[in-house]
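Going by the order they are written in, the chains are A, B, C, D, E and F; count residues from 1 in each one.
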Amino acid sequence: MKKVNVPWESRPDGCKDVMWRYSKNPIINRYQTANSNSIFNSAVVPFGEGYAGVFRCDNKAVQMNIFVGFSKDGENWDISDEPIKFKGGNTEMIESAYKYDPRITFIEDRYWITWCNGYHGPTIGIAYTFDFKEFYQCENAFLPFNRNGVLFPEKINGMYAMLSRPSDNGHTPFGDIWLSYSPDMKFWGCHRHVMSPAPFEQSAWQCTKVGAGSVPILTDEGWLIFYHGVITTCNGYRYSMGAALLDREDPSKVLYRTQPYLLAPAAPYELQGDVPNVVFPCAALVEDDKVAVYYGAADTCVGLAFGYISEIIKFVKENSL
Amino acid sequence: MKKVNVPWESRPDGCKDVMWRYSKNPIINRYQTANSNSIFNSAVVPFGEGYAGVFRCDNKAVQMNIFVGFSKDGENWDISDEPIKFKGGNTEMIESAYKYDPRITFIEDRYWITWCNGYHGPTIGIAYTFDFKEFYQCENAFLPFNRNGVLFPEKINGMYAMLSRPSDNGHTPFGDIWLSYSPDMKFWGCHRHVMSPAPFEQSAWQCTKVGAGSVPILTDEGWLIFYHGVITTCNGYRYSMGAALLDREDPSKVLYRTQPYLLAPAAPYELQGDVPNVVFPCAALVEDDKVAVYYGAADTCVGLAFGYISEIIKFVKENSL
Amino acid sequence: MKKVNVPWESRPDGCKDVMWRYSKNPIINRYQTANSNSIFNSAVVPFGEGYAGVFRCDNKAVQMNIFVGFSKDGENWDISDEPIKFKGGNTEMIESAYKYDPRITFIEDRYWITWCNGYHGPTIGIAYTFDFKEFYQCENAFLPFNRNGVLFPEKINGMYAMLSRPSDNGHTPFGDIWLSYSPDMKFWGCHRHVMSPAPFEQSAWQCTKVGAGSVPILTDEGWLIFYHGVITTCNGYRYSMGAALLDREDPSKVLYRTQPYLLAPAAPYELQGDVPNVVFPCAALVEDDKVAVYYGAADTCVGLAFGYISEIIKFVKENSL
Amino acid sequence: MKKVNVPWESRPDGCKDVMWRYSKNPIINRYQTANSNSIFNSAVVPFGEGYAGVFRCDNKAVQMNIFVGFSKDGENWDISDEPIKFKGGNTEMIESAYKYDPRITFIEDRYWITWCNGYHGPTIGIAYTFDFKEFYQCENAFLPFNRNGVLFPEKINGMYAMLSRPSDNGHTPFGDIWLSYSPDMKFWGCHRHVMSPAPFEQSAWQCTKVGAGSVPILTDEGWLIFYHGVITTCNGYRYSMGAALLDREDPSKVLYRTQPYLLAPAAPYELQGDVPNVVFPCAALVEDDKVAVYYGAADTCVGLAFGYISEIIKFVKENSL
Amino acid sequence: MKKVNVPWESRPDGCKDVMWRYSKNPIINRYQTANSNSIFNSAVVPFGEGYAGVFRCDNKAVQMNIFVGFSKDGENWDISDEPIKFKGGNTEMIESAYKYDPRITFIEDRYWITWCNGYHGPTIGIAYTFDFKEFYQCENAFLPFNRNGVLFPEKINGMYAMLSRPSDNGHTPFGDIWLSYSPDMKFWGCHRHVMSPAPFEQSAWQCTKVGAGSVPILTDEGWLIFYHGVITTCNGYRYSMGAALLDREDPSKVLYRTQPYLLAPAAPYELQGDVPNVVFPCAALVEDDKVAVYYGAADTCVGLAFGYISEIIKFVKENSL
Amino acid sequence: MKKVNVPWESRPDGCKDVMWRYSKNPIINRYQTANSNSIFNSAVVPFGEGYAGVFRCDNKAVQMNIFVGFSKDGENWDISDEPIKFKGGNTEMIESAYKYDPRITFIEDRYWITWCNGYHGPTIGIAYTFDFKEFYQCENAFLPFNRNGVLFPEKINGMYAMLSRPSDNGHTPFGDIWLSYSPDMKFWGCHRHVMSPAPFEQSAWQCTKVGAGSVPILTDEGWLIFYHGVITTCNGYRYSMGAALLDREDPSKVLYRTQPYLLAPAAPYELQGDVPNVVFPCAALVEDDKVAVYYGAADTCVGLAFGYISEIIKFVKENSL
């Protein structure tokens, strides 16, 4: 990932938290495109002189689809009013009843997009683009039911590697993170269990389910991932954000994992919206030690949170479950 | 329905939506009457020199009942502190454990009120009044379990006609709109299915249940109804508003029906309250091409939304499911 | 109802029960017709020199439909391999996705058949025949969701009267018996609550739901009905049979109602089958003081139980809830 | 309980409610201690020249524990960053997987603390302190599953007396208040049923479950308790506050009990937070006729509500269920 | 417990099981008393020259109560047609909405009976008798919700000791065995967790819940208990029987516990009945090395299973979880 | 598949069914091996001079595992008392918490075994053997949650092909059949939807879920598969057997599929057992036009059903959904 000037705001005075919110949040509002009901759970990458992104925009029929967007500064986005149209990539079978929660990963020569794809249930859709103009859809990675497929930004042991969260066909009340490998982005196997929800007594914010968020960031300490964790309160799910360090050679090994959350719903735009109490990270931009995490808020809009990678790693290691 | 000066506010600058909220919303607050916990899901009609209404006011014991109110301008309401007392109409059996979600329809010579009536479960209560002083309660229209009974403002094929939504005895997770006929407002039959929730992929905001809202408005294109649709999120139900056009001669035929919603919870008083994320239309006032829709917000207060009938009909036809 | 020689077998020696099973049970087996998976919950009446019946036969696709049958002795039945084909009666709208659990009632000049009719959910279908050759289907009595519609064998206060059990659209975990009236078998109203499930502590076999079984029998003590009651055990529903006496003039008044059951699943053909532990009465033949009750067993076959009306009335009065 | 200057603010102009909120609410914020995610459902007592309290602070791992705090005015609190460490009291078995929702009661010579204690499920933990420096944990009062244990401030008929709410091991959808006695704070018995949820038609805000809130206050009219009641809306639980008067000699007898609530979620900090729509009283300070009730708001922060005991008693008696 | 000639039948030829069924099972049939619907889950003890027992007989209203019975040989029982009438023991509060699943324990000078007692939910009722003619009911041991209270046959550390299984108010889908102590059979405390359901992968027959069965038998190896374990299949609960050895001095310590079951539903009277697939031990008679276990079968009748204590202990130790 | 003398019994006189049961059913009993609680849902293939099989034997701890067995005639089986021990095949990661519901397929040079394998949830385990002595376990085919993996007996379009039924982690209330491909039995992809449950009105026996049963049989009309279908009754699941014809070149295309079932629970050993009302096919032996289907009965034992392939194909085509 190229290092560019990521969006940034210094830690507020008096703030002792490892990560903090952008004061201009939400940076993307629910009605920002022509027909949108909500824009959230979206992914961005450095591209050209600025940034490109793939955005989940539910329209006013509450149909879920993904849209391309561009930005010079990572903060002000020009998002298309029309969803991405895909051509066949390694297959002609590109059926899709809906698309949501995209991630973007640059590997070798192209940008890979993964998302939750509707093909007789939710599964992991895969596509690639070189230019964010032409998009080529590939075979779905897995059988349903699956969500939150996130590719590693480089091959591991010579194979593509993907995190995902097997689910059921509803508001799944369980969820572990898994790792799968592919020699060719078409056939997948060597599935390994990575991590489960935490015991309620030890870390209740992540006791119902966990799922990968942003593309893993390679550090000296291993792969750093931001992930979401869910607790079931008497009034529904509450989504918060944590981080983990995975082994560089075998990312199915969790080295450290935050017992406390890094960010949990507390701002008004996180506490109310189409689904109250949701913080859901989907992308991270890195510039030297700075990291800017893009997260969906209340299934309604997009927020930004900032931190220093070195501090986050220190925190994860010192507060590991 | 007499044409009078309905409450009105022009479309805000820059707004491209077919319908828009009143800037003074909510027009009725939760504590407006002596013992109220909430006032919402209420109905109004032109009456005399102004307007009369029947209001759902839950008291601070959270008992549900309906109250009469009057207004000169349709916006500022004087609502009784005491619930309506009914006399026997076409029956002496006027048991009622609770009353909620009223609608009012003027037919021929009197005002008919329908509501969800508690008689060993929720069913459709019926009453009439000539003057909003004396009210006469009739036989319940149907067996339980039923809600959202809405009368047509004129006889169809010589019979009274009512829309309703059969349900169960709880927070019903399903719901279709039906049409029934009566020769005499006492015996009902010829039940016809009108419309079902939409498939999730096509129009998710109305994929759990749908129910009639305001009294149908006769237009050149057929009967225009505002209705509510519900989606089940991981944190509960979300109620939005759409519209449909029904065949003039046989209103069980749906000619057009909005795929996108017309209004969905987004304002603070819709997003939080006793039941967050509810927009629930129960009445509409018409003046020439203008329409003012009264809707319950968050099961807590009453809001107003405006639009032009011609634009709404055009939208429904061009964005039909 | 004409008095003929009903099927009969004397009370077994030593038996002290008010009602007892036929030793040749089940009298109708699951595979008795060409394509049947099961034959149960069926109705019979005296007809000509013997009996006619309408039978629920689920075929091997487990589609539910009703079939005509004839018998000379009420015990050996010749049941059609083809379901009844209906013509329009008081309507041309005779849609039916499925038909099950029929009852037959002779009123004035014809045989009325009621059943659970599939029209966007289960409701009460109505038809008549004069000869069990031609059948005329009428408007459904009610909106869904409803089951177990049973007509009284004569008009009450000048109107047709029907018992039914409003339900939901699944394996309903609740159910009361209601009474509705019609001047014309087309429009229904004046709905009255008749009886609820019993408190668990008082009569647990009927604590989940109750529903009318056979056509009411007019006696000096009022209308005698056999009904089913359901308890929810940790392994599912268990259906048993009780009886009640309803007021002759106002059958919504329950005069007496059995606290103990009259018959509960205990024979092998009642304890196992497609739905274990079901005794479900749908018809009764009367000859002087004798009564023969036809009941579905385990949703699989048909059994007969016998008793004396005078004894049953005495038992109901002395063991009333 | 010593009478001191309790926190106080006069009834706002125009307010006709029996109880009213403090204008500076919430008095304790979610992030007030070093690692807290939320501070709510907490208890206070007069102590020394001011007040002491035991606070539920969930940390950012969402682990539940209780913390000591001190205040001069009852409004500004200095809460420890470290949870209370207990020594063995009448037992060495002081296992605790989690602690939450504390209450404090002064009896004879010491302060007794009760809370929901995790020992193979939630049960009632008991401890005492003389000085809020040393805390001694005793045997759990009951078998799981139990919550909301509240001690009376003096012995009744020579025995310690405790209210509690037996539950299940999840988000319990039922709950009655019970009374139990102990000769020695170790063995408990003579359990008596006190009160159940109200019928929906009579007082829906308390129709799902009820539980004791603050320590009972002895008045001329009996024991005054503030309690919480819960309704299940289609979007989850809503917790409100009522009051009851229990017989002085036999507190299992409910003399009066509010049909309307005294306080229900309506302020922003009650309507949104980790669990929206929660008002949950845990303590009350009394000074002459004034009472200041401390309640958890939205499972996130602490609010104060004021009233006059004489007015509350009058209200309870005149508006009794 | 006095040693008498217990019912007995040698192990069948070829049988390699540790315990085996009596060939005359069921020894008590469902209709054995005047009004019974079922007789099961019952307890017996040596008494006089033979045996006395307390039997759960649900009547034909399916009301649950307990009845006294006597037998000379432990196999042929004379059971009363009238339920036991209790006088006040250590309390006058002997309310009981229902009674079921009794156990009997002789301690020092009298027979103690425990059962599931209905007092605003299921809890543990206690009574004593000296002669099985006069019965004295005491305070309920615990708050609801609780079932399967079983007393130890002697005091432990100077106190009465009871096993029980806290539950909820329905068909509880969880259940651990607990130990509680009492100095006086009136106040109970010092509750200790004894054992949980087993992990599905290790011993699925006991993975949903476990509960004490017969009165513990003191052996050289500790307290031997027979207990029931439950698995949840897709068609409901299946109850089987295992055994455990508890520490003599501290019976909350489980020394050994069967990984395989000792007896599981396989005989026709266990596989079908009011609740199919239930084997539920409630009593055991011991004579030297022989043990005869009485168990409820399919919630319908009573069966006997035999074994040698030495073999059972050996099996428990060699096949421990 | 080699053609050998399959077990066989002629169609009984008077039987008009397409398939019929063996009169000696069940051919394998629940207690046939040393520690078995039940033996069911098992697979067989021709091997050497007779047959080999892999059997699901749950032991008396109700742990699920698979065991090898041999038979000369396909009817009398010698099953090992010890579960199969696997060596690493194409992986060393052969973790398995449990194994159940095996199938066997001969492809090219070896026998492939698939089963439901416990690795952090149920997924599809794969192994091969040449001789039924040495077994080599490979990578699991898919991520959890999955069951009923069945391999085609030859490569299709140059790739291995497998049917499976994605599920959740419990008693899954949904289930479609899918097809996946692999170049190497290690990586899988090109997942295609094959068939869904049938609409209730059209074929209720298969309206909850469907799953592949035996290894597909290549016929002139395409691939013939026996599959199970499930209906949810008020007392649980009922499993029956149907058949389908899949396109030879693209087996994701369903050419025909039985609307009626071929075999449904009706024999005593199918109606009662550990899970009542289950017929679950797992293997089929073919000899010329004869086919012998092995099916699990009531999750307890193994039965055999016979038919003629030509008749079955004719029936499927003439009775297709």
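Following the convention adopted for this analysis, a residue touches a chain if its C-beta (ideal position, glycine included) is under 8 Å from a C-beta of that chain, and two chains touch if they have at least 3 such contacts.
If you're wondering where the values come from, they're calculated on a predicted model, not measured in any experiment.
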Label-sorted list of chains bordering both subunit B and subunit C is none
Could you report, rounded to a multiple of 5°, the rotation needed to superpose subunit A's C-alpha atoms on subunit B? 120
Most distant chain from subunit D by Cα centroid: F
Can we say the copies subunit E and subunit F touch using the same residue numbers, with more than half in common, or are the two sides different? different
So which chain is farthest from subunit C, going by the mean of the CA atoms in each chain? A
CA centroids of subunit B and subunit F: separation to the nearest Å works out as 54
I'd like the Å distance between the centres of subunit A and subunit D, where a centre is the mean of that chain's Cα atoms. 41
Quick check: how many Å separate the C-alpha centres of subunit B and subunit E? 58
Where in subunit C do residues touch two or more of the other chains? 235-236, 272, 276-277
Give the pairs of chains that touch; include all such pairs. A-B, A-D, A-F, B-C, B-D, C-E, C-F, D-E, E-F
Subunit D-touching residues of subunit B, taken from the complex the two chains share: 30, 34-35, 37, 58-64, 97-98, 118, 171, 235-237, 272-277, 299
Over in the complex, which subunit B residues touch subunit A? Could you list them? 16, 201-205, 231-236, 238, 259-261, 264-266, 268, 271-272, 276-277
The subunit E residues in contact with subunit D across the complex are 91, 93, 119-121, 123, 139-146, 164, 166, 168-169, 174, 176, 178, 180-183, 186-193, 196
